[in-house]
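What follows is chain A paired twice: with chain B in the first complex and chain C in the second.
The block that comes next holds the complex of A and B.
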């Protein structure tokens, strides 16, 4: 009971901190990092529904991110559709593409599924390059800086911050819903053993599709935000395999199949990434080196990610205070998020 | 009659794993399926539970044709099964394992949790509910298999060698549980090698050999059946 209380307190405090951040952090460099943290936490959280809970290791999530960015931006530039509406249209198109990819890909298991997602991402990137009449090809898409609420373009970073904060809160709410309901339990069962899951009455393909729909839709929405925040992107920047790997890594490092694992991952990886990039401007690729080392360490020593470690700290402190460390009855897990 | 298996066959290329097997099971009966290794017992279960489509034949459950339906459909209709090679969900807790099954009928997480706790108590895993699946001993993993299947609230339960690999005292613990299940109104078909169990628990026995049914009857009839003795011990040698 004590632990539950302290967890709620911690989350409450965390929420307040998130709200006050843009009032305290006025430096654009640092506020940019916070915006990216929340953006990547949102995307990694979306990936986590399919990849973490469902165990369908997608390395093609850049597809939805890129489709989100291109959908809203092309609608905005060609037809003047507000990116706010673009959020919804982008989500719908990402979901449709997700279902079209899932249909064949979900028949494959494990590595074969992963390879298929990579292949789809590459194909879509090449299509974007090829149809340059529509997509402007390799030149990329430039959005003119015309700040207004309807255009979802702001002079102040703090405005972007609050937009991404809302997206982040939505993604957390979805993750909590998944975690606490049948969907999450079923996805975990599918991750652990598909055949076993099916004999327990689980329509495996249906639940994989549900995960895909949630995951693709949210990632597409994040892509819209990215486009409006960066105001410039090209196929290589949004349909990038490194991006797909990065968001998977954030979730894995934080803790897959948990609500707050991807959040923790984003809070570690993004600042690390940005600080390394700005500390070693001449050493491009330094961040990937560090990534590699971190990933090897995590996968070797903490296959469940960092979140379980973080969670065990209050328990251990409590145990030390009371000076009675209970011998635990076997290995325990707590996926409650 | 809760289930009728009619002339079902499963051929893998030239191999006739199950060949024209028929039998019926009445409500609230315990029927054992025995036979030497490789006789096709587990394949027969796979055909009933939908894990494999049949080559020919028919499976009728509660007067409804369920032949070659998907496993999740068959589970929804009320047939639960366990696997001989246990399939615990390794990285989630015992309670969560059971809850996955319970969601088959439960409408809320709370309901699933409460029902699962009940089931875990029934199979004697309530004290280990927070352990993760893969950390259990083999005996407990078998219990968990039963718990998961039971949590789906089946009316017919297929138990595939739930006692293989258990020591005699563990078998003695599980026996009353199986009898208890029948008392709670569940019909059971079980595959078992331990004769003590089969003779003790089963109302009727179906003997399968080389994919074909060679005998059916009460335990007493089966032990005296020459065909069965031949299958297990071989033919009497007679040289001219």
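The block that comes next holds the complex of A and C.
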């Protein structure tokens, strides 16, 4: 069975399943999980361009998520700008902020880059809390439930589902583009050996910046969707370092520097998260405890994530099938190897 | 007079930051590990101190030596069983491993110990020394004195003793140190143990000042990173003075600007230091980038 499923066929089937999902899954609880999976897969995929392919481990991606949410929502609430337009404006502002952060931060490497992104995220979070006249400070922002297409507010979860599905498909398309073009190869070269890459004539800062632009823009767009879907957010939910860790974790669990790693990660982490939250409501922190343990185990034992293992399954099955055929032919089979 | 009072409280606060940061800096400088779980070690130290207080009635200052021993052992175990197996992996791997440890410990505490703030009651915790109109809190003065003491002792230990010299040798060039017959793995265990023991001392001395709760480490860890980078990796005096500077910045920005902006201000300073002089103000001339990479 598995040997018939080539990669293309598997992806085709996966695509069809994603489109059919909202017609089959009508329960709001479960559909919500699917929406969150696609949202987090999109964000983790965006992180993966910079953090996975480029090896620039940002722990400040909440910046762009929060900027996306605040930009579109403040424009919508104060000036009646449609969140559809907000997608574009939020992406532009996220990109500008991304460049402003990357311009100095890309001079630093490794841990120092990571610490800098954390510091930027903290500065922006505290400024959001401080300028409460504009941002409403710690109490957060409420969007009134006025469903309409222009407002990007829907009564039906399935409508949200298709919006996030489009974002998800765009993020996958971008990831494939990065993966197949020289951008991806250059980024991988920078990740493996920055000095070596530079010696070979790769404009290191330029390609890091390209990764930052893609990553920041997509994360900002995801932030807009989050705001319109939740209809409430506060600095602690969108500018949270735990959020930055979570999306990195999703990419790492699936497999960094691959197109579908973050998708796999989201399909594992998000249902687990929701399940733990609904099963153990009294044990707050249970999901994060498991996150922490999983993170340690993955980086210690499976630094490439779970995707390589998943990919190896069909091959193994194929191998087994061949052996079975041989057995039918009455040949001797050595199972020890 | 109020400005003098602000300066004093800033310096005393800085002493607390120094005390927490020196252990972090030792681990960072020697083992080259960004230990995100350092804040959680502080949290554990404070809970242990609290436990000694409630079960045996031991004053936090008395039980400090026991807390230091516990944390030293905890640090050695962490290094042996968590860090050592991943020592040769890229920096990213190590960051996420300690980050995972931090998240796990924090939430384990949240689940098992609840989010309640626990504090001890001592006779001296609200006492102050009055000098004219100035008031100096005694527990904070003790913590400051300990920070000075630790900086001096650690400096002498690293400069004058053979073990200290071995630690510095490993920090500078671990291959060369290995070739000179130094047991690098043992030095790593020792450095992680001492670094954790120092945060144990910090936890014990903070117990009369702050109450303990599962996320207390998170409020200190980022400050500790700011202090370490500001002062310069591997420089104990750098961490000490870095702590004082951040304490002063925090106290002064509360007066000059707005208390709500103090965090934003020291993170801006942090970013500026990283950009202008990433090796830190008191650095030993070692490139920060090099340390960040390997």
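Here, the second predicted complex is superposed on the first by the 318 of 337 C-alpha atoms of A that agree within 3 Å, B and C clash if a C-alpha of one lies under 4 Å from a C-alpha of the other, contacts with A are read in each partner's own complex, and residues count from 1 in each chain.
By definition in this document, contacts are C-beta pairs under 8 Å (C-beta built on N, C-alpha and C of every residue); 3 or more make two chains touch, one makes a residue touch a chain.
Here the structure is a predicted model, which means the values were calculated and not measured.
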Chain B versus chain C as contact partner of A:193, first or second or both or neither: first
Partner chain in contact with A:113 - chain B first, chain C second, else both or neither: second
Touching partner for A:182 - first (chain B), second (chain C), both, neither: first
First (chain B), second (chain C), both or neither touched by A:201: first
Partner touching more residues of chain A, whether chain B or chain C: C
Contacts of A:291 with chain B and chain C, given as first, second, both or neither: second
Of all residues in chain A, those that touch chain C in their complex: 55, 57, 59, 104, 107-116, 118-120, 122-123, 126-127, 129-130, 242, 245, 248-249, 252, 283-286, 288-289, 291-296, 299-300, 303
Chain B residues touching chain A - in the complex, by the definition given at the top: 49, 51, 70-72, 75-76, 80-81, 83, 87-93, 96, 99-101, 103-104, 109, 112, 127-128, 130-133, 135, 148-149, 151-152
Residue numbers on chain C that touch chain A, as the complex places them: 34, 82, 85-86, 89, 91-93, 95-97, 99-108, 110-111, 115, 214, 222, 225-226, 229, 258, 260-261, 263-264, 267-268, 270-271, 274-275, 278, 288-289, 291-293
Contact footprint of chain B on chain A as seen in their complex: 180-182, 185-186, 188-189, 191-193, 195-204, 304, 329-333, 335
